[in-house]
């Protein structure tokens, strides 16, 4: 199995609901380092799964919708606890949609699984991985 | 599949038995950076697998039993070569026992697999991963 | 010249005023990895500048006042652009005050200069360093 | 499942063929940080999968054949686009051959899968993993 | 003293002349992670030394002239051993020229010193720092 | 001012004397990542301060005397608290002696200052820097 990965980052504000979260119920924020890995059993004739430049650009476009935002105020997110796990899944779905839309080029249809990892600090991270349908 | 991970560290002394180990047969030591990943197919309603604060606290309690110790002198470890692989398994078992005991909260019963990685330097590491019973 | 350093982190929300900041004028947030270095020409008889445990504890107390906060709502910060440079200086002043108050122990009077570095992502950081009076 | 990993690095020149690669069609180069992970369901009686020293030495020998080379001029590579994915597979095959030849010692026959990851920068990497036959 | 830093990277081919360099006399290559630090005794009223976005953009433009190049073929570099130290100085001079040309904005005239660090691997780096005239 | 740096590591056991050290009074151990920086106002004609290969080899020889050792049992260290600060100075002195002995080659006489940094974990480090006589 081959994989290729790229890193970006995003800086957001948000708050959590639920006593579980203690002081994180207050409005605060995070820098997430966002790693996306594309996995495939095969390589295109060019020798790549997806072009690293195109993959980076697609990730940047996904992150741009969140960058410098208060997630509590985004209509599609306001009902959710935007935990690191939740955001990993959200970015997974949005990158997957861009692959399906052909944005990563014709070779990207060989991508079988994606993994999205968000590092919220040097001592904590979360991820979501799954198959592409 | 979701995952969430936390990092701690522990500083220990030990020695190894067997010619294979060359100079590491002498009493020496290590700092291990210890990463624990909790994996689950689902998230609790709160949006998390386990709370990062609780996960970090549980890891700290596991590491405290080893921190600043000579592992050669701990009765339960003295018969073993406490290699990085061995210690990854040991910490896996001890974190798993704390999950089973309910220390990570009611949501933690959804954790299906654990992975424990120990970085012994910037150029070497070992890990153990397995399912929780 | 000797130095000793410790790392903590803090997760905050804030916004900036001024066209210079573009989209960062919106409410957003950051994780800062915070490194504090203590420098001294001499070591105490114990062989340390300051004890790493005490230094870490003092840094944690400084960061706790900011952790999980919206800096725009803290009275003493509301008039300022809490840029990474500004926050490095703020934390410098607060760690310096704790040294002056004797919190880092009797040996800490030999500390001559402090450097505080805040990493806001894997590709950007700021710092403030200066002499202690 | 246990795993143990070691890191090395290699500095090479190469160029790519295909419009997809844009400016990377020009002769350029890279430092690859190369991580090799050995996985096994069991540990040898010594407590290791493979000795970290032997694993590092085997990786160094594999990398030495590429280090400080222009890959476009190596007969066995000249027909290929030596992308990061391609090189991860190449190094996988060469480490696997050394395991099969007994270079990593008698315990290494328990290694079931290998994973080779090449970091080409702080923001991009590729990997190949597979079972040993 | 305040400082602010940004990171970029560049992938180049080159070779060295002189027996000192051993196998690095062959055409090979490197990824350099490039850190630029801007230092100033004061902050602009906005709270920054230079805007991180503008600093990153200026660094990217400097690196673009080198990215995906064989440095042996660039007329201005062909007579030189483009060692890591040499390239740190080259990038220093080019960033300094962009500051002098006003590219980093009106606040940048307060920058007193620059430091440019190039990481050629996880175990080696070089830097050049100096005052701006 | 130019600088060039190399990284090595060393794994040791030791204990500390003095109540200040709390549980670190017990025999324990550490992995130190050891960074040595060589600084010079000028470059040799070759374009380097010192050759990275030679610098790495000299550091390895210095570290070999400590690697896999219990520092409490080394006659020259037994009377000391081998704190991270102390060890940074010790390695500084030993690298300086190797420069003076000509081990880093004829160009190394231009090295004016050395800095030695020891990372004892991902959250703590110490350093010693000074001029060469």
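Order as written gives the chain letters A, B, C, D, E and F; numbering starts at 1 within each chain.
To be clear about the criterion, a contact is a pair of C-beta atoms (placed from the backbone, for glycine too) under 8 Å apart; a residue touches a chain by one contact, two chains touch by 3 or more.
From a predicted model like this one, the values you see are computed outputs, not experimental measurements.
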Set of chains whose contacts include both chain D and chain C: A, E
Pair from D-E, A-D or A-C with over half of its contact pairs in common with B-D: A-D
Chain whose mean Cα position lies farthest from chain C: D
Equivalent-chain rotation between chain C and chain B, CA atoms, steps of 5 degrees: 180
Chain located farthest away, centre of chain B as origin (C-alpha): E
Euclidean distance of C-alpha centroids - chain E vs chain F, Å: 27
Sites on chain E at which at least two other chains make contact: 7, 120, 122-123
Residues of chain B touching chain A in the complex: 1-8, 43, 46-49, 51-53, 56, 105
Chain D - residues contacting chain A, complex: 16, 18, 20-22, 80-86, 88-89, 120, 122-130
Touching residues (chain side chain F, partner chain B) in the complex: 7, 9, 11-14, 23-24, 26-33, 67-70, 73, 120-123
